[in-house]
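Take a look at these structures.
Note that chain A is present in both complexes that follow, paired respectively with chain B and with chain C.
After this line comes the complex of A and B, so read on.
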């Protein structure tokens, strides 16, 4: 809630937050500090961090999209990866150097094609399923994800098949200033710890530009979705989620509303795909791997269904969990050879056999990713089934609510829920 | 229409024609709001509605009673478009609305409530109330961005309506409560209040006082009477005999899917067929 009050009255803003919001804000502040420290001491490469941040933004976008479908309207979409892939391929087909159809065009055309493709597919799958109960969309979308992936894999005359599309330019290629900006920016050396110089050069500026792009996409999507969520339009969607018959009985064309919500969500997912194509500069059918869909679901559930901020938060957390274990390999070798630590070795009952096996189990990043995600799901379901940042405020068009009533810190739903949280 | 016009029907016909031309004007409307004709619905071997025929006249509170399984709720679902009839027609202000989508029927001025109050999770009472008003500009996505001023203006007006109607229903203290945290009776009041925000011509209430304590039931009856005086037509199902007898006139009695009789509360009370139907006898 980036109101003006944030700037003029920071303390009042903090006081207006729920305990959950404060917790998440504190967590984020701590994460920022830790990451800054890691970068300044040279443990974490800033350029690589920006790349990861870009991935986080990408997942955040996909979660925003899914939240607009499931969190608002209750639509169960298991083809997040497919719409992401359509966005990525739409961008790649127009811009890649080996694209069989178009290629080497301005990335703007790729963006447009990606969005159009995903909108068309969303409408095509929505027409037969959105009139039916929610389960049918879930089943159909599960199949759709595979169909889209197989089409991209097999229709090589359009998509270059399993080779993938390469030679995709950066998004700002061909733009007046931005296309050459990374080359012109100077190289910066930062030395916090003597002897460990952190260099910020061309690759860093280039990633920074990418991050700017994803932040722009995120901000745009977030602002549109937030306004929609607080509007009468969003209220109809929330009614459909709670009870579709009631919405119908009150004269709302629920099919049309569900279609709008579905297409809107798919467009935001495609936006994530467009960004990905210009981040990775290469796409192949493997990018439509269905596990992406489930990571995005975890992100939305973690953030709290119906919460835009929660979806963004969830997206970044999921990337941290996915990518975090890789850093275990980069830990100083001394740590690994001394695992388990020396004092454990001295304990008589631990034999050499056990010591030999333990490290290989503990430090392999692949299984650890899955273990952590599994653990996260179990923990959320057990302790916070409503997610970290569930929507807790009334959603009424801003200028329709009395200012003095709105400023009152504890009333309505907030009072109820906030009170529960404190107990 | 093939009858030769006598003096009486000529004026009727002219008012009807006028009603078709200016559907916004209440005074010139036909007297019958809802016409149900030979409505039929079968679920497998069970005939839930068996050629039911009745009319609801403008400005009445029409009661729909009958023993359990008589098909009252089925008829409601058929009228409001939630079920598609196997045969028969439903006319609303003379328009055939048989089998069209529920939301279209609602847009034509027929609003219904449900037997069990529908819960709107995550909304406060006043948010849940704001769904009631029809044709809000804020319900079209593009207007949120192209005409935010109009959206805000309408939302403010709706908000004022919500506050007014909650006060009239004497539940304004609940406005900012979560819609799921109020009692069953209060939910029924909220449902009725919300339905009124849709400005219906005819309101179908499915068991408005089922499971509601007597005090609240009286309050609901008062509200229904008040709204009736303001010009809303009601069709209501109710099992509570004293409630419906004191409120509704005429009363339509259903038995086994078809209309057994129709009359004033006094006539219904003294009719033997009605007593038989309720006591389970007389079924040939």
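After this line comes the complex of A and C, so read on.
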């Protein structure tokens, strides 16, 4: 419904949005404009931009998966990195050139292996842990994720151990048209600022293909999860999250539902891992670092637990936090040597001192990322624990919406159904 | 015979390592039982202790008088480090956890953010490189070597200090007014409040004691291995395993669980020697698997009092 009304009645659609949704939409529009401007002026390399976008999509996918566990069912899964890694390793084992057991196969087999591996491990981890109390589940899943990481690190006869798997082809290698498409597309030169030509060549097209792939994965996962969430099955999950005893009293086998939700989420995370293997073209055990798990958690909490749109939004914000410090670190020298001759150096407050000082301000990106993520977690939990885009109408079947009470509850519902007697 | 020698050698290491885990576990268990959530920042609290001891020791410098191979100023730095850790925990409690009204799961997630902030700040200040206290490494004590025990005086100092702290805590809990109030509050906060205990004050004392012990554990861990910003986070899961094995909320259970888990982690190489193909690289994995099994079979842990309250 959203898609249609956006086209036919944009103003009405905007009016329907909550203030949070407007804020997020405005923020996204501003971010896109800034990035486009940076790209057209040559500050940001378009190929790198697409790479970042691919990473954003990847985090978005993982957040969708975690949302299906934490947001729908209330499962505290701290093993996101393990399933991401299983997907990546599944893909790599089948396709990498130095894979000890298979290798050099069509990426489709890697996709299948990644999904199967993660489903098996999800069930194996789920059987003992899903019966546990929420905080025990958190600790146990973090511990088991570490076990998975240790196995991948130490069983070199399958995974090549700490040296990692190399020579992974692009995902579309061996496909009819798509495998050669990037080579055949022409080189495009864009010149917005005279003298600064932005060239879009083979690497750009190949990265664009990657982005298309992640968008496809994302769209697929989003549609499936949204459908599932609104279905009777999804309503059981929501009941479990709200009150598991109630769900049991209604005769639902909650353990079974939790297991389904857990496996579904883990499959989506593995999908992100498969994409990552074909984006980065090599994987190593470092990709299973538990910190990734918490980045994904930030994305879901920031977006709003239970909200698929929020999870996607959070995924992109997390990539901005992860890559931003790295970018800022690189920015001052390049920015100041190439850019300011035109207008920045003329500004009175930019003296040579400042130019000299700026690069040294930059803290190395690793701890800065960690600091930003940590602060973000604390601030969200303090000021907006429900996230930026908490689920509202997206939980309701479009057909079930009573057109007469379309307005937000505080006006529509009370006027229409007044007389309940409460304030 | 070779296996026996190895066993003795590993046991010695295990006792030292366990002493450190014990200090971390007691704090985690105390905070779990009184603040009511799994504090994922506890490992990084240990890191705070290690690094603040490093800073104070750097200021004080070495002294000529030393006890067990450690200059007297190290013990002074250790006490200052413990104090700093307790203050950091108190400030965090007051400004981060206290204003929140989101239940134990929300607090758990918040504590991850706190852990990241601690670690990031330490890494910004001290870089990710490993560091050591400016103390000479010692050779194993001669007369113990004839029994195949390789222990330095530093190891003895760690064990002795841990014993002093643990006994001190025991006396505090059993024989002082504060200790009785702490036990009462952990047992049943509402009842404690109703009987006139100032629960808030007890909570703060719990944070001070828990974080202080963690700080000491972190400083000893730095002495045992070295200091890296990730040291505490890496130990966190082992400590959780210990606390769960011992039974969440039980201080004495945490001590026992910590001792057992520490031993398991350090004794894993023995498995290969007696023909079980599990290498020492899986030592931590073994600890986590024990934790999961305990959660399934006996969630109340070894010291299994009735489970209830808690979260």
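One rule holds in what follows: the second predicted complex is superposed on the first by the 357 of 423 C-alpha atoms of A that agree within 3 Å, B and C clash if a C-alpha of one lies under 4 Å from a C-alpha of the other, contacts with A are read in each partner's own complex, and residues count from 1 in each chain.
Everything below uses one rule, namely that contacts are C-beta pairs under 8 Å (C-beta built on N, C-alpha and C of every residue); 3 or more make two chains touch, one makes a residue touch a chain.
Note that this is a predicted model, so its numbers are computed, not measured.
> Could you say whether A:382 touches chain B, chain C, both of them, or neither, answering first, second, both or neither?
A:382: touches chain C, not chain B.
> For A:26, decide between first (touching chain B), second (touching chain C), both and neither.
neither
> Is A:245 touching anything from chain B or chain C once the two structures are fitted on A? First, second, both or neither.
After superposing on A, A:245 lies in contact with chain B but is clear of chain C.
> With both complexes superposed on chain A, which partner does A:129 reach: first (chain B), second (chain C), both or neither?
Only chain C is touched by A:129; chain B is not.
> Scan A:286 for contacts with chain B and chain C and give back first, second, both or neither.
It touches nothing on chain B or chain C.
> Have a look at where A:236 lands relative to chain B and chain C in the superposition and call it first, second, both or neither.
A:236 contacts chain B only, not chain C.
> For A:154, decide between first (touching chain B), second (touching chain C), both and neither.
second
> Which of the residues in chain A come into contact with chain C in the complex?
76, 128-129, 131-136, 138-140, 142-144, 146-147, 150-151, 153-154, 294, 297, 301, 363-364, 366-371, 373-378, 381-382, 385
> Would you mind writing out the residues of chain C in touch with chain A in their complex?
The contact residues of chain C facing chain A are 37-38, 96, 99-100, 102, 104-106, 108-110, 112-121, 123-124, 127-128, 229, 237, 240-241, 244, 279, 281-282, 284-285, 288-289, 291-293, 295-296, 299, 311.
> Looking at the complex, which residues from chain B come into contact with chain A?
Those residues of chain B that touch chain A are 80-82, 101-103, 106-107, 111-114, 118-124, 126-127, 130-132, 134, 136-141, 144-145, 151-152, 154-156, 158-159, 176-178, 181, 194-195, 198.
> Please give the residue numbers of chain A that touch chain B in the complex, ascending.
Residues of chain A touching chain B: 224, 227-228, 231-233, 235-236, 238-239, 241-243, 245-254, 260, 264, 306, 391, 394-401, 411-413, 416.
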